[in-house]
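Input: structures, listed below.
Shared between the two complexes below is chain A, which pairs with chain B and chain C, respectively.
Up next is the complex of A and B:
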């Protein structure tokens, strides 16, 4: 019922031509990238790949505690039992549960001054993951969907967006909203292998290809001189991606990673998911989301964070190092975000409840000025006292970091809808 | 309210006529003031032709008989015709116009139309909340009883929800009762074709018609609605207040979209007379009539042509007129004479415009879709595609009732029970596929659907070789040419063309040569797969 006309930036059009030239000019290439080998029609444009921007969305589902991570309040009633440690950024201390990230703080930018107001899971997750308040008649696309659409290399045989989650809490499928379902992410839900990419039982690859050839030729013939024939073109393009995705089963196969890499990331689900994320990003998937659950600590906040934060600390540190070593960190934006933070008040179950008035998020990589700590909360972490930022500001910052103008808009019916909300402002201080 | 009684009676009379076995549409029993579908169709065509002439457009040629029949079956029953059905249609020597009229009457009076259209209306009304079997069945019964659209609208918004049959009608409100915003926005979008949600925070920035007063006026009809599932109610006090321009706090008037303000009795009196704001909304919407009728006509037009006369269908306002001047306004006026959905449907599909070709052979450039000068391809909805897959693959045959069954139906005056049971069985088989298939709305195709159809084992099994399926029957056919002809007939609902038989025959031979040992079953399965995933099957055309 809704439609949109997309604004293709000039450089995308250029990429498309470059790529099509490569593909249909007969250059069938074999691309090998750090253990990921994709035979066949992969764009020979390695330049393009190198300058390609990517994003990794780490979603701490349920709401991670800023007190036990980025914005500790030692010695205060709200502070909890943990001590703080110094970081690579002089004068900035974080919770002692994050020693590895503390040492890498010059690569990270932290925003400690989010005030996003909504503290109910569903609505807050919608707000933070889209950058927009909920509207009854307009469903906004998730940030990852927009990034995938904007960062995608046209004609790539890889998925534009892969979304993985570790637990049921993270099981929110990224909404395509008013954008077409064409931009739906590939979901890794039951396993780390995508569904329906294996050859059906009893079919040879030749038979599989043979029937697709027939399907495609019948379809193209049918579409000739039809009103709406361009819809068939899009339909055929979807089928044309099937073979590429089936060939990418290796891409999703962690068994192909050396044991050392698996050990380095740690044999936890989050560790393995981040390893897979790195593998995907490196191969050219522009957008990956990893959701990590269990942060909703209404009970025993400190016990749960004592388990969760060190895992997060270690895995993210390894990931940053790994991306850096492979020359990918400068082109990959890493986003660490939740739906909200946790209350300053420690409740009678030694838990912290939902809190959206003053909390934190973090970024690294592409477009980010490492070593910046933006905004401040008061001494108990109850209120933002400096640099207040909204969900829209976070979205605008993300777009700006990867070089997308947050004021660009999609046309939805009669309404031009900007990528980030009209009043959103990128947090310039943390941008490179 | 007098209006209510009137509408109640028209609905009841229609139902009674139905059960007496009178033809349910275009009959002499219709009130004389109401134009028959054929004359409505003729007037629609006259207006379109005048529009085309004014635009310098020569429309596409009429579609061929087989295409028309497939199109009609898909749009009215949600599935392709069986081979038996389309062959009988092509063999029928009745003059073309009369034959079409008869077929249309048979489909509209048959059991499948209300079954399918109950689900269609569910999606129109419920949007993302669609899919409740009880609510769908309520809509199905309403269509079967030929309940009028104004009566349905009334039952959705104010009930009564007293009997088991009428209770599900409360669902529209129930799923939205906790969210005044959504209740306001969805009601105005669905029933009045207007999206006022932008006017929540400020007067609508793009549409002059919509002010904050409209949004909050509409919200006022719902702000006293209480409860949720099973216990909807309404209070007799409470107003909507909002921050107007300049930050002044305002109390919303009880105001309909047309600007008409409803006078309210003072609180004490309101309590005594059980003054219901929702009842007032129903009354004013029916009295003003334009928005309610235009919205449904436009949405039905979209259903049959892939696009509303006003597009998008929830953007009816003065700055976004109908693309064929006057047509929507006039047709909505005709519809409001009796709010009979079947008569409206019959009128739209009886037009020549609905029967135009999707092929554009003319040398001139294709006119924009808003002129409806050719039938534009439309992605089938998941429901249409899944049901049609079952018919094409031979999983369901919609065979006529056996003699004894037919006799039992006649004895009980329950014609069509057999067919309804077949339809429900097919619907159950189709259910697991629905979520995997791309919705028709934006016409875009996802790679997820392509992967699912290409590789999912349940899909391969569905198209597989079990006895009775198309693949199994083809495999028993000796001659490659015959296999090709038979497959095209069953899947595409038309006689095969010589060159395509040639192509398919060559493909079959090629497959046979290249697979060792040749597995004929396997090859036939692949042929069926290619035909049902090809565009001619996946699209309405």
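Up next is the complex of A and C:
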């Protein structure tokens, strides 16, 4: 008998052809993809780019428990065995597993009143990562893809979006949806180093440069003699990004970080991934996603969270400190989100199942009013009783936090599609 | 002991309690069976009554109760509030309590031959207590303080040999320490890695651990839990126990079933050479009966809900079980309780 739904992990690897395919596909798609007009896209938000705003998406795949993190219910049957501790925000207590974040709560904003209704992994992940319900005729882009596009630095040779998803549970590649595949993230899945960016054996850097010179010359002559200059420009951009990536391999090399920095973040995978995320953000990558899986605790929920939450607590605290010390926190939006939370009811295997009716997420950094706790659930954590927020509201809040109007739209064929769903409202209480 | 046929195992009666019962103990003289768990209260089931109901008797813990022991009219209890509590069973009067560990207390074992009690807690220590006075006697420190991957670990299970000379403690990463109680020496350290699953990509979270320990009368050690996990959810691996020649660090026998469940408790009936394991998991609640000659169980029954602890009442014979939603009484006559 199989009682619980589980993720079906798909393992993928970044392949150079795949990466190039994405870039070239994107270049072509801007011209030919049915219904999507490049001309109709929102003009580049150059003011945002000058400010170099960034975003870090921390995705707790599988569904982290709000009870063992942001919305504990001590003394209730639903509350579980953990105690609560005070935080830097007067009157707000969190689970005892988060002492470091409790001390930094004046940097965080917590939303305890999400009601997103969908409690199946795939559909919920789609909903929370796009802010839109599934539509048969239109695939919406992932929030990170939109942020990467909007926050991209003009002329940057770095990727606009790097997604670290080293574990297999709930692994999903950020969908570009109706946007060009040019906005596909660089995926780091099997390794923290992009694969297949080294020169082939036997090819010297001088030979490589010579080949590029010849390619550029032929492209230029082709563009002059025939129509299709935009197509050639797209190819040129793609090649430039690949060359940029090949030159930036040091950026991905954590061996270049001092041992003290590595120790500070901790040697757990999540710690090392967040250290790499900080390197990327500091170097100018505008959008980074770090996924930490295995929160799907249908059995032994308390043992799981006793392992996962302290690691999350310590690493996120170090990351916030590090970003602050480097002057990056005010310009970097940090988003902590899952596909859903976990049930108030503790099941017979001492687990918690999927629950989307009343759960929590957290934000810090750019555009966020630290020290705010928004919304409330009832005494057992079953229902939202104040400040109900939807997936669309989360998306609108994210856009607003980095200075993007969530009502702005992309033109997809005849249909103007707003960045956030039409009825979505930014959660103003947590915005600076 | 009266012989019985495991194939005739039948859920004869159940009595509901709130939440989950993790612990139980039995007074064979009166037939009273005690259980406790998530609500911190101790419940009593008068098993010799015609249709016994669970009766809430006292609440001396303000967090989950993890283990109970019966000590001549006294119930000794411990739990996640760190307390070790002695309670007079008949009156519910709290006789004494001690803060036993710096962290959740996971299990206790009575050692009648020494007049002592052993406990394990999340400070990763094993402690001995005088059963009469409640005074601490000795502390043993030998388990790893973290999992190999650098995460929190725990000691889940504890068992004493019948002669009171040895104590076994089993942890989250599949290691067992055998302690000589007279000398305080760590006599052996066993590694039973099949009970611990961690994979940095596919299962990047610790799952399993040693959940049950038992010394057999001939000195061999039984270890119970969950075999290698095949999915990320948790208890998605075979119900499993192993019999070890611990002096020579050699696994002698493995009992396993494809039913995906963790074995939370083991009892061995030497006259019948029968191992009984109870638990639950992804495939549902589980009660298995093995001889020690084959890997597959002789019989497996399907309990009403996950069994977290049980005792075998040889006089009847029957199994008194505690778990999710209360008590269960299993008999071997093949007759179910008549419904009114």
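We adopt the following convention: the second predicted complex is superposed on the first by the 376 of 432 C-alpha atoms of A that agree within 3 Å, B and C clash if a C-alpha of one lies under 4 Å from a C-alpha of the other, contacts with A are read in each partner's own complex, and residues count from 1 in each chain.
The definition used in the following text is that a residue touches a chain if its C-beta (ideal position, glycine included) is under 8 Å from a C-beta of that chain, and two chains touch if they have at least 3 such contacts.
Here the structure is a predicted model, which is why all the values come from computation and not from measurement.
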Which superposed partner A:106 touches (first chain B, second chain C, both, neither): neither
First, second, both or neither for A:293, with chain B first and chain C second: second
Contacts of A:202 with chain B and chain C, given as first, second, both or neither: first
Touching partner for A:266 - first (chain B), second (chain C), both, neither: second
Which superposed partner A:136 touches (first chain B, second chain C, both, neither): first
Comparison of chain B and chain C by chain A residues contacted: B
Which superposed partner A:211 touches (first chain B, second chain C, both, neither): first
Partner chain in contact with A:223 - chain B first, chain C second, else both or neither: first
Footprint overlap on chain A, comparing chain B with chain C: 1-3
Chain A-touching residues of chain C, taken from the complex the two chains share: 18-20, 38-39, 63-64, 80, 104, 147, 149-152, 154, 172, 200-207, 209, 231-236, 262, 280-285, 305-306, 323-325
Residues of chain B defined as touching chain A within the complex: 60, 179, 181-182, 184-186, 189, 195, 197-198, 206-207, 302, 306, 312-315, 319-320, 358-361, 366, 369, 374-379, 438-439, 441-452, 454-457, 460, 500, 503-504, 507, 510-511, 514-515, 522, 526-527, 529-531, 533-536, 538-539, 541
Contacting residues of chain A [partner chain C, same complex]: 1-4, 6-7, 9, 11, 62, 77, 81, 166-169, 266-269, 293-294, 296-300, 303-304, 306-308, 310-311, 346-351
Contacting residues of chain A [partner chain B, same complex]: 1-3, 135-138, 159, 180-182, 184, 186, 194-204, 206-208, 210-212, 214-215, 217-219, 222-223, 225-229, 231-232, 234-239, 241-242, 245-246, 413-415
